[in-house]
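Okay, so here's the structure we're looking at.
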Amino acid sequence: MARLRTANERLFYGVLGFVLITVIWEVAANLGLFRRSLLSSPLLIWNAAVTDFGSGTIWPHLTTSLTEYGLGFGAALAVGVPLGLAIGTFRRLNDFLSVLLFGIYSTPKAAVAPLIILVLGIGLESKVVLVFLLAFFSIIVSTMAGVQAAAERHHDIARSFGASRWLEFRSVVLPSTVPFLLTGIRIASGRALVGVVVAEELAANQGIGFYMDFFGTFLDTSRVMLGVVLLGTFGIALGEFVRRVEKRFEVWRPDIR
Amino acid sequence: MVTGQTALSARGVRMEYRDRASDARLVAIESMDLDVGDGEFVSLLGPSGCGKSTFLKIVNGLLLATAGEIRLRTNGKGREDAMVFQDAALFPWYSVLDNVAYGLVCAGVARKEARRRAQPLIELVGLGGFADKYPYQLSGGMQQRANLARALAVDSEILLMDEPFASLDAQTRELMQAELLRIWNTAKKTVIFVTHQIEEAVYLSDRVIVMSARPGRILADIRIELQRPRALEVKRRPEFANYADQIWKLLATQAAPVGPS
Amino acid sequence: MTATTFRVIAPRVRRRRSPIGRWYRRNERSALGLAGLLSFFALWQIGSMAGWIDPFFFSSPSDVFTAAVEEVQLPRFWEDVRYSLTEVTVGLVASVVLAVPLGLAIGWYRRVSFTFDPWLNFFNAIPRPAFIPLVVLWVGLGIEMKIIIVFLGGFFSIIVPTVEGVRTVDRQLLDVARSFRASSRRLFTSVVIPATVPFIATGVRLALGRLLIGVVIAELYAQTKGLGVMIGKAADTLQSDRMMFGILIFTLLGVVTTTAAGRIERYLQRWRPSMNVVEEGN
């Protein structure tokens, strides 16, 4: 009962907050409390959205960004998960690569962006590679963590009943890794988005990052904000989606004992 | 099956290990000689750290002893022993049915066949109807029943039980003790049961092997002459109290005594 | 009749180890890790010299080293360092000073947190670089823009966990304090704040990582001053050795901040049973 009430309350105040801020913002803009060219207003942003979506000018940018994101992220998953499983399983390999991985993991990948753009140009490839790099290391690190987090007790059970190494891997290691992998994916999804935007802002002629950069130079605040809003919405939607999936597999997480 | 034969014979089992932190050599088990006959229910009882669980793990093959030898009577088919673990004993990603069938799958039985064989055991331990549920949907007692079913499924001669009821509350624990005897009556296995509760050991066993504190060795081998089948109310009988008292006095000489519970 | 055959479980055979063998066993992990690092540089160097790796794009370690030695002797380099450090310090301090009290306040008043939660989550979900065109619009390309970007990264990283921390304070602890007729203020200082500290610590850890990214991105974009600019300019002039040097500096910074952040967080969380701490990278 109390939970239902809280959920409703949360929704109510959330919506209230949204409405309030939007209204205040709009009113303040109309009252001339600040220059519209600086801070825009909800209505102006909405108009910009309607215009650009209606005329279709924004779609190429959206599809480009999404493609870069999808390709890079997909590649990171395809390469990162198996590698993470392998490295996590073989202790010696893990130790050998540990310092290297930590170093690369700690490097802000954005610092490598100019190098990538230098090598691959301003087209799709450089963005995909940057997204890949950003997502890859989150995924591989979390997969490795997952492999090692498999409960000692569960390994004991497998060995106690005489499971083959392959069966032990399938029945203990893989399922234990899933919750960690999902967390890694959630983190990677945010990182990858950063990659898309950074690469596009630095050197591109398409994409949401480019869109914002372009209209920024023309002082078109509404469109810049539109870009921000779109990105934020995408980020939340994605994060929420992964969070739901994470929750469903939360029971698989080995308890810390 | 009680054939009067020896199911397990241990001689001079010793377990040492090197403590990672202090780099000293610690002795978990000093020396153990033990014979367990077919169909016997034997308890290993002792204070924490006395090596009783370690012994079980050595028998099961999870640890390698430093010295000594253990002989298990084989019957040519499959494993001689199966372990019932203390806690975190079920895989959260498998249903009860798949968990119970796991031991068979490990032994090479096809999944479908393993599930078929697991089903009657689920009934036997009183979990009928819960086969499709997942561990997080079961209470502690129910999870341990599934744990037991899994060990029974592989149809080994010897059942190794490592404080299986330790994480249960008092009432559930008593219930499970009675349930265990009922199931054991039907399944007729040889059981080596590890516990640190005197009452539990006396209630369940034919023999109680009392162990010393670390380094572990056997202090006494006490035969429990209470009639079977034993209902829970046998715990109120004076004979029962005598056994418990006898063991309690023995353990009181150890550094970490355990009271009758 | 069953045959009386036995399976025998025999003891472990103990091997004697030489002193070197014993040392290796104990330090295997670090030894291997070091080996990995050295192999990486060795391969890189060899690859460069053998021509497998195009030295035009990826200078060899020796070239990077020489470039580094030259760079650190230039006053311009240290100006850039100071510039970047200023951004980081001001941005970090500002974000902590603002985010912690605000976070505590928002988290404490239930209705307020419900109202602002969506906004906070929304802004937290926006990739940091997305703010750049907007901020540039407002304040230009100077150091203010970078400080703001850095600040934004830190602010949202800290405030979101702080709010969550306040809200998830164990009810029991609050009830205990209340039953002792603790005033609201005392409740706050003795229960809520200590309980929230681990969450704030997590926020600071995340912030440190995001700050670094903020610095890099903002400087790369603006191309005025700072270490990020060194990378950008080197890229433009095709001086890959300087570019690599720049990247390595950020690697070093990244390693330092990640390690420091991890230590700080663990220290502040020491009274807590360990949690699943999955690291966020850069």
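By letter and in written order, the chains are A, B and C; residue numbering begins at 1 in each of them.
The rule we apply is simple: contacts are C-beta pairs under 8 Å (C-beta built on N, C-alpha and C of every residue); 3 or more make two chains touch, one makes a residue touch a chain.
Remember, it's a predicted structure, so these values are computed and weren't measured experimentally.
Asks: Where is the C-beta contact count highest, in terms of which two chains?
Replies: A-C
Asks: Considering only mean CA positions as chain centres, point out the chain farthest from chain A.
Replies: B
Asks: Averaged over CA atoms, how far is the centre of chain A from the centre of chain B? Could you give it in whole Å?
Replies: Taking the average C-alpha coordinate of chain A and of chain B, the gap between them is 49 Å.
Asks: Using mean CA coordinates as chain centres, what's the chain A-chain C distance in Å?
Replies: 16
Asks: Please set out, as single numbers or ranges, the residues of chain B touching at least two other chains.
Replies: 61
Asks: Given the complex with chain A, which residues does chain C contribute to the contact?
Replies: For this pair, the touching residues of chain C are 28-29, 32-37, 40, 57-58, 110-111, 114-119, 121-123, 125-134, 136-138, 212-213, 215-217, 220-221, 228, 231-232, 234-235, 238, 240, 243-244, 246-247, 250-251, 254-255, 257-258, 273-276, 278-282.
Asks: Report the residues of chain B in contact with chain A in the complex, numbered from low to high.
Replies: Counting only chain B, the residues touching chain A are 60-62, 79, 82-83, 85, 87-89, 91-94, 102-103, 105-107, 134-136, 154.
Asks: In the complex of these two chains, what residues of chain A are touching chain B?
Replies: So the residues of chain A touching chain B come out as 151, 153-154, 156-164, 167, 171-172, 175, 178, 251-252, 254-255, 257.
Asks: Which part of chain A faces chain C closely enough to touch in the complex?
Replies: Touch residues, chain A against chain C: 9-10, 12-14, 16-18, 20-21, 38, 92, 95-100, 102-115, 117-119, 137-138, 141-142, 145, 149, 180, 183-184, 187, 190-191, 193-194, 196-198, 201-202, 209, 212-213, 215-216, 219, 221, 224-225, 227-228, 231-233, 235-236, 239, 253, 256.
Asks: Using the touch definition up top, name the residues of chain B that touch chain C in the complex.
Replies: Touching chain C: residues 3, 5, 9, 14, 58-59, 61, 64-76, 80 of chain B.
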